[in-house]
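For reference, the structures are reproduced in the following blocks.
Here come two complexes built around chain A, the first alongside chain B, the second alongside chain C.
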Partner chain A sequence: MTPDISLSQVPAHARHGSSIGRPLTRREGVLKVTGVARYAADNHPAGMLYAVLAASRIARGRVTCLDVPAAMAHPGVVAVMTPANRPALALDPDAKLHPFMFRLDLLQSDAVRYANQPIAVVIAETLEAATEGAALLAPRYEALPARVGLDAGESFVPPVVGVGHPAEQLVGDVEAGLASAARRVDATYETPAQYHNAMEPHAVVAAWDGDSLSLDMPSQGMAMAQARLAGLLGIAPENIMIRSPFLGGGFGSKGLIAGPQVLGILAARLVGRPVKLVLRREQMYGPVGHRPPTRQRLRIGAGADGTLTALAHHALITTSTFDDFFEPAADASHTLYASPAIATSHTAVRIDTGTPMFMRAPGEATGSIALESAIDEAALACRMDPLAFRLKNYAEVEPISGKPFSSKALRACYAQGADRFGWAGRPLAPRQMRDAAGMLVGWGMGTATFPALMFQAEARAVIRRNGGGVVEIGAHDMGQGAWTALAQIAADAVGLGIEQLEFRSGTSDLPDGGIAGGSAHTATAGMAIHAAGGEAVARLAELAMDDARSPLFGAGNAGVVARDGRLFRRDDESRSESYADILTRAGLAQVEGRGKSGGDPAAQTAYAMHAHGAVFAEVKVDPDLGQLRVTRLVGAFAAGRIINPRMVRSQYYGGMIWGMAFALHEEAVTDRRSGRMLNANLADYHIPVNADVPEMEALLVEEHDPHVNALGIKGVGEIAITGTGGAVANAVWHATGMRARRFPIRIDDLV
Partner chain B sequence: MSSLSYAAPATVDEAIGLLAGASGLAKVLSGGTDLLVQLRSGRTRPALIVDTKKIPGIIGIREVDGGFVIGAATSGAMIGEHAALAAVYPGVVEATNLIGSTQVQGRASLAGNLCNASPAADSVPAMIAAGATAVIAGPKGRRTVPVEQVVTGPGRTSLARDEFIVEFHLPKRAPRSADAYLRFIPRTEMDIAVVGAGVNVTLDAAGVCTAARVSLGAVAPTALLVADCAAALVGSKLDEHALAKLDLAARDACKPIDDKRGTIDFRIKVAGVLARRAAAIAFERAAARS
Partner chain C sequence: MSKIHVTTTVNGEPAEFLCQPGNSLLDALRDDLNLTGSKEGCSSGDCGACSVIVDGRLVCSCLMLAVEAEGKSITTIEGIANGDVLHPLQRKFLEHAALQCGFCTPGFLVAAKALLDHNPDPTETEARYWLAGNLCRCTGYDKIIRAVLDAAAEMRAGAPAGE
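== the complex of A and B ==
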């Protein structure tokens, strides 16, 4: 008989002694602010050499000549790795054995498929020598005209978009819905290519020992990287040790191992010494993924009372010429607004670019800014307040599937956000509000949503006789606070105070913590920890309940509660026993539990699972110059159980800043003639600086979800970028009367 | 193969000798906030770098004959902290302090900002409006030239390869004189000017403008000294009529380019608005300095 130890059914805040729900500061914060935290590139194993990439300066064609002798002649240069001498691979880097195996550029040929593609690696005793060596290669090319932009070629319907969703989905009759509509919106929006631009560039420090490989490398998914490398290198995954204790951001670009990291590993193999390879900032604009540009057409029909009659969302996107990643931008219209007819569709164009990749709410963010702008336009067409219009079309069930939501506190988000922002009394017409300095003031809003996903993970938990415990999981702290939140879950899972718990993470020899992506890391890794802790506690409970000397003897079906290093009888908390006593009597030093997590297919079939939110923005615009500042952002989000409100707020702030950047700043510009990036650096590729960031508030709206997982956790990492971009764009319209249909919004368009 | 030498001479003559004797491209180094970035990106590949910062007097601010002498390599931070300079030439100081971030301010200099010869350099329109002159040292001795004559085009100056700037002079002020600089950037911070406008005026006791200099940045290959803008201001108390003339003259003077930061039409419009606003600030400051 399994005792009932499912502690998580009890709301966290109601539980005495619980770590879950506490606003703890980052566990690794002191390490980071004192410089002790060692990021991948901080490692220098003895005998290490430096590798520097040479990257293509054309976007399409062939490398015809590399001056290898010149590079080799440079003092300090040890080797030059080119297609001619790159160590053999066990798997063709162009092989695609499954949809999530993305093709890598590993010097398999002299072909150039995009600008900044790696074309050689120079390995030297110093970084300077390697850098100079790479310059001395002076590549010559046979260039073909680059295909650039959304109109570069024939578009086609991709086989699937995103993580395997149909490219076209339809419910109801959209054309009939549009035909019967009293009000219609037909608008096309463009979004630019964007690059992840994590603060920490992709890096690897690789050391081979025979057929064993030791890696310091930032990774959002160590087990997946291990498996990919094992396939490419033809060695067993267990022979690959990855250490990824800290990431200086990833945003999706470190989810799968990047080609340049593999090249660093191959360089180490070639020279038989440890090698460090770190990308230069401009080299991150090509081989490590990006968000593709989109052109999205939204057609919305509504009755005279504002009730939607049809919603059609088409997205044209780009992808690379040699691989398949399709940003599911139109899918944003599946879940938010009730409509009797919804059609979403995608077409794609192949261009000479690195393959796009998952980036900060892939699809959701891109689609959201267009959808939320169009909804604003539809509200205006119906002469309705944008919030009233959204409430009018509130989806009680998921519109595209008809499934009930596992939980949805969006109404509360709208209400609390609007109240906090002071939305009431907003004039419907634009250009109605000015501040004391004569600036035009505008208010806009957007709805945020992101799916509550679950992947697979494993964890191990140990409870020790000395009153301590250990939880192990190869989880990824990319700055989001995973180690803190997961340690909180772990402490509760084994019924110990967080100070008594040793939380081990960040290396690939620990149980597979899954991927830190899809905003699902806390839920996925958390549930594995929860299960592992539960199993360890169950062992203890069995020991106690079967032992006539224990106060818990015979607790049986009533079950026990684990807390503060003791087990309590659930039906009589005066009867309890410490872990130390139970283990001492049993003559055991420790008990161990292992746990796994993964989505519950039955629940996923029955329910639509999403986090929701509402974002309100204020902008001020100089009427003469169009100079534009976001002055206030208020977001209210409901995402199930909040493990650590401090970390969650900071995720929401970060997301809202992304959203603002989407509306106003971020844009990668490609030279139409050469296919090269014009702004591959942080001076010209604008992300918001602190001075751009307005006063922000993130409200945590209470939500209990009994279906997503036993802990009730949804994701918080990406949701806040959705909704925010639209809110800012709509506020700009409200201030100026100018509707932005091209992002980022150009000030010149406003005057 | 490229090799790069670095020298930090202790005298002006030594520096001139190094520049004159260099076999390849020689570059003068002040703060390095432009030069180092360009070296790293490979945009410039000099054979020799001559760091001027060890030369006595090249860093520092002196008050001479009621005016100011600013060493060529004086950092933005030092300029910002000089209370007397800020009181008399607030426009020059605010323009210089707009350059980059706190970190960049610790290094960035007037000479570097000018000789980098970017059309968008922030301190340059302010210096031109203020009537600043540059003292240029070379093998034949020193010559003094108005700042507006130093830059000849994007990335190009009128300096010979063996010359460099040692200091700038800002003249003694007449009563009721003041300057102002405004720039327009899309972002809130850390951005390059789409348009910059420097205005320097002298008023009489009645508040009527008796002298003016107006300079615009980022709207032509070099910063412009716009005589018609000055003419619009002289004789006025900055009424609507004068402002309209100023706006028109500023727009007429612009020969901007279209780029990612701003279109031609937008830059022209902004130039007019900024000239108006900078003039208003300069008039207000001048009136307060009686």
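== the complex of A and C ==
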């Protein structure tokens, strides 16, 4: 008999004593505020050496000479690893066995394909000696002209964009829609290359013991890193132990193991001692991914009443010369605005750059700022309020597919956000508002959206006779609060208070928690935990219901509910028994459950699944100097069930600041002659600081989604970048009447 | 190259270490004294993750030579709490969710402590500009400011320093 334990699973947040939904503080918070939390680079095994990369100063060509003797002669230098002596690999780092396998630069040749590519590694007794050794290598090069920027070569249609999406998609007849439109917008927007710039540089501390490898290394995907390393090194994945208890941010750049981390591991193999390799900040602009630049053309047609007749979105993007990552920027136009005709397309140019990579809202962020700007321009062309225009074209079904949404509380987001911001009464025309100091004031808005994805994960749950429980999953906390949110789900899954639960995570010897990316970690890992806990509870229920001495004997189809360490008969809550009593009588120390998660293909076929939001921004611009400040940001987001509002609000704030930075700050500038980045440091690559940040508010809009997964969880990590960039850009236009179509917006665009 | 012997005070305790003339204070703290709470985000003075207080002044320990610590008194993140009792700033950071990945957090807490040591009643603008030398890629900053102002208010009111 399979006991019916459904009540313990839905709706978990509504139950008495439930952990889900509570704004708990971060479980590892005390470790972090006291400096005790041990990040990868804080480890220092006995006998450890330091490795420092030498990185290419040219963007294309080859290394003709490295002064290895000079480096070796420096006191403290133990070894120099170059293509000549790098330990052999079991797999060519340029092999691409599946689309998710990205090519790595592991000293396979003297060829240079981008600036800052690793060309050698110096290993020494001290960091200073290794650094000096790397400088003494004094590389010489044979350089070829670097190909830089969106116009560097012939563009082509990529085979796919993003993760296996078609590069071109079409519904309806866009040209006919444009031809019949009463109002038209045809505008081109440019976005720059950006770098993740997690505050923690990529690091690895590697120690070999025979054919076993022990690693302290920040990772958003330990199981994938394990598999990748196993292939490269020719050892069994289970011989690789990864510890990644804390990541100092990832944002996608730590999703796949980075080349320099593998080089640290190879350096340890070469010297037969533990090795620490930490990238210097300036070395992070090349081998660890970035968001590529885009040039996007939006063509929008609308009837005189503001109803869209056509939406065409083309994105030109760059990628590297040696691998295939194509930022799916135009796909942003698939989901938000109803139009009888939609065409999205991509073309790409290969340039001398490190391969671009998933960076927080890859495609969604780049596409959103262009789309939301263009929608604003279309609203103006129709002489409509931007919010009214968006409501006029509200998508009741997903425009590109015609599928119904699994849930969509975007109207509530618009209403609550607009209300809190005070949007009503905004003048249509620009340059109408001034503050007491004479600054021009502008208000803008944007719609936010991000797909609700699910990957695969596994978890293990144990309920013990002593009244405690253990849930294990190799999940990743890169700051988003996974340990806290997943522990909350785990406590509910096994029907225990969170204090009774031991939650183990962050190492690769635990069940594979999937990848922390795509804003899908809480849903994916959470569902695996939910399933594992459900199975452990089902074991207990079987024991009780089959035992004549249990008050739950024969509960059968009525089923039981698990809560606070007890099972209750669902139809009669006065009949219950503690886990401890059930296990004691059965003579068992514990029961165990295992669970897996993955998307539900039937639901995914039937429904379009997305989180939504609305962002409102106020900016003030000095009319004479063009100086610009964002003064208020209000976002309202609906993303299914919220496990921990405190963590989620934090994610939204962080995302909104990334959106603001997209509009106003971030930009990698590449020297056209050398192909080298000119601002490869945190002084010149601008990310916002405290003094740039406005008053912020993030509203959590209630949304119940019965289809995304049994817990009703969407994702919150990336959505807030989308919408915000456009909101800020539109506010700048509203303040000044000047439409900047090249991001980040500069003072010289406004005076 | 011969090493230099440095005698200093760290978090109220006498400390000594050997270093080379070119070593940074950050490296001495992290590698020689095993105080790894101070982080390296850039080693160029741009991120503030390595912030420490030296004789009452907030400095980026990545920009200070280890030998300069001779005879000085240094406060690091490890010295902010009073034993097991968290400093009000630490408690308020937790309460306001003013941290995510936590990599910037030691630097922010040390910088915020230096601010409140100088100015127990900062305005929001003063706090934002004082902390403008500390970068955070995760939190969106606003909650950090709330936490600092809230801690300052609590400390001024003389509320119990821990619980």
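Here is the rule we go by: the second predicted complex is superposed on the first by the 744 of 751 C-alpha atoms of A that agree within 3 Å, B and C clash if a C-alpha of one lies under 4 Å from a C-alpha of the other, contacts with A are read in each partner's own complex, and residues count from 1 in each chain.
Just so it is clear, a residue touches a chain if its C-beta (ideal position, glycine included) is under 8 Å from a C-beta of that chain, and two chains touch if they have at least 3 such contacts.
In this text, all values refer to a predicted model and were calculated from it rather than measured experimentally.
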Examine A:249 and indicate which partner it touches, taking first as chain B and second as chain C; both and neither are also allowed. second
Would you sort A:74 into first (chain B), second (chain C), both or neither based on which partner it touches? first
A:30 in the overlay: touching chain B, chain C, both, or neither? Say first, second, both or neither. second
Given the superposition on chain A, which partner contacts more residues in chain A: chain B or chain C? C
Based on the superposed arrangement, let me know which partner A:44 touches: chain B (first), chain C (second), both, or neither? second
According to the stated criteria, A:691 is in contact with first (chain B), second (chain C), both, or neither; which is it? both
Using the touch definition from the top, say if A:647 reaches chain B (first), chain C (second), both or neither. second
Have a look at where A:201 lands relative to chain B and chain C in the superposition and call it first, second, both or neither. second
Which positions of chain A sit in both the chain B and the chain C interface? 683, 688-691
Footprint of chain A on chain C - complex, ascending: 1, 20, 22-23, 27, 30-31, 34-44, 46-47, 49, 76-78, 80-81, 86, 90, 93-95, 97, 99-106, 109, 127-129, 131-145
Considering only the defined contacts, which chain B positions touch chain A in the complex? 1-2, 42, 184, 186-191, 260, 262-263, 265-266, 269-270, 273-274
Within the complex, which stretch of chain A touches chain B? 70, 73-74, 132, 135-136, 624-629, 665, 669, 678-679, 683-684, 686, 688-692, 747-748, 751
For the complex, give me every residue of chain A touching chain C. 25-26, 28-39, 41-42, 44, 75, 126-128, 197-201, 246-249, 251, 278, 280-281, 478-481, 646-647, 649-657, 681-683, 687-691, 693, 695-696
